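Chain naming follows the written order as A, B, C and D, and within any one chain the residues start at number 1.
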Amino acid sequence: MTISITSGFDSGNIRVISISDTEQAVRAELEIVKDLHSDFYQWFHFRVSGVAGRNVELAITNCRESAYPDGWPGYRARISEDRESWRQAETSYAADTLTIRLSAEVNSVWVAYFAPYSMERHHDLIGWAAVQPGVVHRELGLTLDQQPIDLLTLGEGPRQVWLYARQHPGETMAEWWMEGALDRLCDPEDAVARLLRKQATFHIVPNMNPDGSRRGHLRTNAAGVNLNREWHQPSMERSPEVFLVRQAMDESGVHFAMDVHGDEAIPAVFLAGFEGIPSITERQLALFHRYRDTLALRTPDFQTRKGYPAAPEGKANLTMSTNQVAERFGAVAMTLEMPFKDNDDLPDLDFGWSPARSMQLAKDCLAVLAEMVSEI
Amino acid sequence: MTISITSGFDSGNIRVISISDTEQAVRAELEIVKDLHSDFYQWFHFRVSGVAGRNVELAITNCRESAYPDGWPGYRARISEDRESWRQAETSYAADTLTIRLSAEVNSVWVAYFAPYSMERHHDLIGWAAVQPGVVHRELGLTLDQQPIDLLTLGEGPRQVWLYARQHPGETMAEWWMEGALDRLCDPEDAVARLLRKQATFHIVPNMNPDGSRRGHLRTNAAGVNLNREWHQPSMERSPEVFLVRQAMDESGVHFAMDVHGDEAIPAVFLAGFEGIPSITERQLALFHRYRDTLALRTPDFQTRKGYPAAPEGKANLTMSTNQVAERFGAVAMTLEMPFKDNDDLPDLDFGWSPARSMQLAKDCLAVLAEMVSEI
Amino acid sequence: MTISITSGFDSGNIRVISISDTEQAVRAELEIVKDLHSDFYQWFHFRVSGVAGRNVELAITNCRESAYPDGWPGYRARISEDRESWRQAETSYAADTLTIRLSAEVNSVWVAYFAPYSMERHHDLIGWAAVQPGVVHRELGLTLDQQPIDLLTLGEGPRQVWLYARQHPGETMAEWWMEGALDRLCDPEDAVARLLRKQATFHIVPNMNPDGSRRGHLRTNAAGVNLNREWHQPSMERSPEVFLVRQAMDESGVHFAMDVHGDEAIPAVFLAGFEGIPSITERQLALFHRYRDTLALRTPDFQTRKGYPAAPEGKANLTMSTNQVAERFGAVAMTLEMPFKDNDDLPDLDFGWSPARSMQLAKDCLAVLAEMVSEI
Amino acid sequence: MTISITSGFDSGNIRVISISDTEQAVRAELEIVKDLHSDFYQWFHFRVSGVAGRNVELAITNCRESAYPDGWPGYRARISEDRESWRQAETSYAADTLTIRLSAEVNSVWVAYFAPYSMERHHDLIGWAAVQPGVVHRELGLTLDQQPIDLLTLGEGPRQVWLYARQHPGETMAEWWMEGALDRLCDPEDAVARLLRKQATFHIVPNMNPDGSRRGHLRTNAAGVNLNREWHQPSMERSPEVFLVRQAMDESGVHFAMDVHGDEAIPAVFLAGFEGIPSITERQLALFHRYRDTLALRTPDFQTRKGYPAAPEGKANLTMSTNQVAERFGAVAMTLEMPFKDNDDLPDLDFGWSPARSMQLAKDCLAVLAEMVSEI
């Protein structure tokens, strides 16, 4: 029996180039498949079978042209035997090739760029949230693949808070973060949640890109469009996801917004702001800085040293969500970036950055918001 | 806001013909979509959104040509708000139309022919089982859609027992049954399981038709083939699912086999045998009858009055799994049929026949096997 | 640091005679404490601390005069590190001394005659059951230690079924059995439960002897009285537990009764009947035999070869519950005995007879009752 | 059937003076029982049975002489039907009498001064914690009632952190807090826990007063001794609990200590420090203030306005734990007080201050410690 590799499931992505079988080891050459109608690729997710008791080398050979070649050095692939516990695999990167080594006792191992968050889990999350007291669920509309864009609303306060995630579908940590956020916000006894629900109304889109998610895309929707370059002028034809969400924002207004992402290269959690927008105010910027700096105090899993350079004055890219929302609504808007690698200030060799840490970070983000919600 | 209906997810199936909206009520006309490359249809699964506080009528209008028109009278659709608890909806059937009435407090309701069992849940089941002590998981090969056919093996005894389910993918109760069976067989303390694992080796295929399952088919695979008519001469081109499983059976031999199904019309649980096979023996038939009659004693959810007529002598259809396996291996083979409706001897207005009952039935089936395993 | 032994908790029972400490090993000489106002003793339950990484020998030296000296040969003590998983310890019996050997990696090990069932767990069980649909909880009265005698009633049928357990408080498997029985009976979808609740009314006393339970007694209540010798003439002074339950039985009548026990010596599960009662009828006896023989078919954890000899005609001891209830009400009454050792027909070296098996047996007992409930 | 009241269980405390029964209502006059060998009383815990469908008034009539008469105005008793969910009862206080009104649908209601934390749950907590990776459990010795004093140690860092709770046994929120703290500290992925375990060694005593706990005391041990007045000169005869813990502190040293309590009167969470100790340093005091003020920022369930007055210079009572530990070790020591009432800044009518909030507060306390652990 030789090994078998398949990606025929939700968010699966891999192409098998070759499998060679020696007495000592098995080596498969693989390529990540591009997003449909797009050149982006970096997300992979597949199952390898027939591996029990064997040394298996999985070589992803098309890393050089991937979306973020800097994402590969220092990165470790995530693997699971039971699809619940995802650990870091022995992984190395050289000559544009990412090599993952397995030595499993069971026959099937799941391999992914990050712990997956399936559309089934998404629907379960929505189903659970929709029946929690005080939560209203609303379908904003359908995607090009006829999947729903789900919005959850809760809270009775005057501040309008928008949390949305996974514009880039391969950044699954963003939806794990959402699961943590909803877990806290729906807790009837939690002090942070009760304070926030009194003072704010939350609008939550746990998954902005269901089509890319199910298709195993890294960065785009079913039309190959990067949604985070559509916020100035979304359309139902190219980017219904953004069109529908921005429309709902126009209805509610926005005081505070967080767009949740993953970053391929930087081994840290960080926030990016809206520094270069035309209408920027001191108050807006001060609140962003206060939020960011407080979060850095509150959890060892957040920091302010590493991150993206801020845009120069007036040079913000208004096609991007955070800038558009900050400009359009005068909101305190920000992009949260979690690593595919790890937080190198507090690394965890077993798990790396993980679903559990993404969920806890969400709870800490909400607690920091509670500290300043009355002023946003 | 009007209602929205979508089936863009695992095992989704519906076509919207029209939606009309009056002050008092909403009515949608719907059609079930045929299996790809096939005329079979009866499985439906969709989400209706925007329904909170409204009276909604969902009319499936193409019931007359469905695979089993007798399945509709007396049938109640299953609905869920949280995707965990599935209850019977108010349902009526007249003029070839199945009408489902909703009056929900939440905005989204999931509607299905029976509580769905997604491929994600399938993979979770396999992942869980594969790490249980003494269980070996093996991928037999891939389907036309490149999905794995998963086989679980456990036990150390000489009798070869095959359990397989969901040749007909819309019969999801069959995989719920499998979840119950595996729960019992993997329990390290359960007396029935320990006895069975000593005396038999179990070969379990929880889902024989992943492609039909994910595609929302009633009865066929990705090529439109009814797998339960392929057992005489399966091929990798038309029916790799059967080809691979029969091949593995040829390797192990088969003493006892159960093929798990759902039946659209008959409101009862029953077994069908292999009466008309050419090589039938009295011993084989006696063991089948003993199994069937003991099961009828053991649970109020099984009976022997209702069911399919037995094939006349020599007239068995050897393209069907149960007959082929009984003939090919001299096995005690049988088809277990659970209702889409309910067990009318012990009806449950809230749930009808359900995942929980399917799981419990599996445990009872195993207990009856334990009573006679030394003799099969 | 030397080891420390304590029994200062619910159902604790041990007396430390001596602890000796050598370089290689630790040996403690222990005695089981008699039930208050009684000479019965066999139940023990204590915690040993300071044992990590050491070889520890625990010698119970007063086995000869214990209630059932035949209980010691072939018996293995139960131990737990986390108080959830109870396994069999290395145990030997010689020279009237039971020696238990530990080699733990954690510092504290709990040791007991059988997996304990605390009064806190009892109250949690009652609290859970009392809020299940259709269940009525009633306090029959208080014991000598002012603990409640709790009765649960459920079902709407005409047959009066009484299930009661733990007259002998050290027989904790009897209350584990009750937890299994209630789990099944309160399941809204289970076919057996639904049938039984239609046809019978259940009266359930999960713990007949709270005082002995909390005090760490083997066999008697706070007055040193063996409740199962009080059924002819119970009194509020000596045996309020029996007085109150028998009074409630007089109100409801009894068609079927099971008194759940543990047996110290016989390595099997068996039933004892009421053969020697004066008013015995053939029907009554036939139903008992049918019940017993069906149960033996249904689960490998029950048998009919080993057990107590039946009383000769007219010689039944009417002070005992089963005989009294059979005589008083013409009921099909029986005593279920589970082993402290194991079921030697299907032994489990890890766990022996266990809470999980007691619970499953309860479910099987109910299923057998469902087979014949219409005739009792 | 009239109602019945019992306290014959772990931490039970009530005396029934009278029960009167009218057509419309039932009224019981009750008294709280003093701690053994002591005049303290305020903790109550009992079960009322026979109440389904009736209006029941429970009057605790000896409130005037209780330990904290100021604790009664504005206080609401906690009640539970299933012993899991504890809610606030309709409660009023007038004429030195606390009146609790019930109108239940089930027959038994549990009533307590605060959600109880039984010794069984304590042992389960220790059993769970003891098998977590990196945790060492150690029995420090036995109490006067022969119950163990359990110490859990974890972490590899140089700072010695002591957390201990429930010197006053009726302050059960203190052990709920401990459950939350251990849940976080034993989480292998939590960033706060990983940072703390690197930088500190934790010494945790979840329950300093098992005897008082089991006996249903408010404030003292089995000898009637208030442990928090024994820290200058504990003895094995009067206060073994303190003697053993202080001895272990002397072995490890202490850099940071938190003594967890409940307060009867003040409707807020607050910290008390060690202001009046002779050897106080500015650094010590600054760290305490920083800890306290950071916690106030981090959670809406903590504040600094309400609390105890600080002792004047040199006037600290060194018999109290916090002062003794601050003085003896130069530690940053503090007493955490949670309310029996509620946090009036963010009240919750359903639950009041609760186990869930105590647990979350513990997690926040640890997060604040993580912010400054490198400097303590």
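Quick note on the criterion: contacts are C-beta pairs under 8 Å (C-beta built on N, C-alpha and C of every residue); 3 or more make two chains touch, one makes a residue touch a chain.
Note that the structure is predicted; figures quoted are calculated from it, not measured.
Trainee: If we look at subunit A and subunit B, which chains touch each of them?
Mentor: Touching subunit A and subunit B alike: no chains returned.
Trainee: Among the chain pairs C-D, A-D or B-C, which one reproduces the interface of A-B, with more than half of its contact pairs identical by residue number?
Mentor: Among C-D, A-D or B-C, the interface that shares over half of its contact pairs with A-B is C-D.
Trainee: Using mean CA coordinates as chain centres, what's the subunit C-subunit D distance in Å?
Mentor: About 36 Å, centre to centre.
Trainee: Per the centroid of Cα atoms for each chain, what is the distance between subunit B and subunit C, given in Å?
Mentor: 41
Trainee: How many Å are there between the centre of subunit A and the centre of subunit C, using C-alpha atoms for each centre?
Mentor: That pair's centroid distance is 54 Å.
Trainee: If I count partner chains per residue in subunit B, which residues reach a count of at least 2?
Mentor: Within subunit B, no residue touches at least two other chains.
Trainee: Quick one: do these chains touch in a line, a ring, a star, all-to-all (complete), or other?
Mentor: The chain contacts form a single closed ring, each chain touching exactly two others.
Trainee: Write out all the pairs of touching chains, ordered by chain label.
Mentor: A-B, A-D, B-C, C-D
Trainee: So in the complex, which bits of subunit C are touching subunit D?
Mentor: 4, 6-10, 47, 49-50, 52, 80-84, 106-108, 110, 118-121, 123-124, 126-128, 130-131, 136-139, 141-143, 145-148, 210
Trainee: Please name which positions on subunit D make contact with subunit A in the complex.
Mentor: Its residues touching subunit A are 187-192, 194-195, 294, 297-301, 343, 346, 348, 350-351, 354, 356-357, 360, 364, 367, 370-371.
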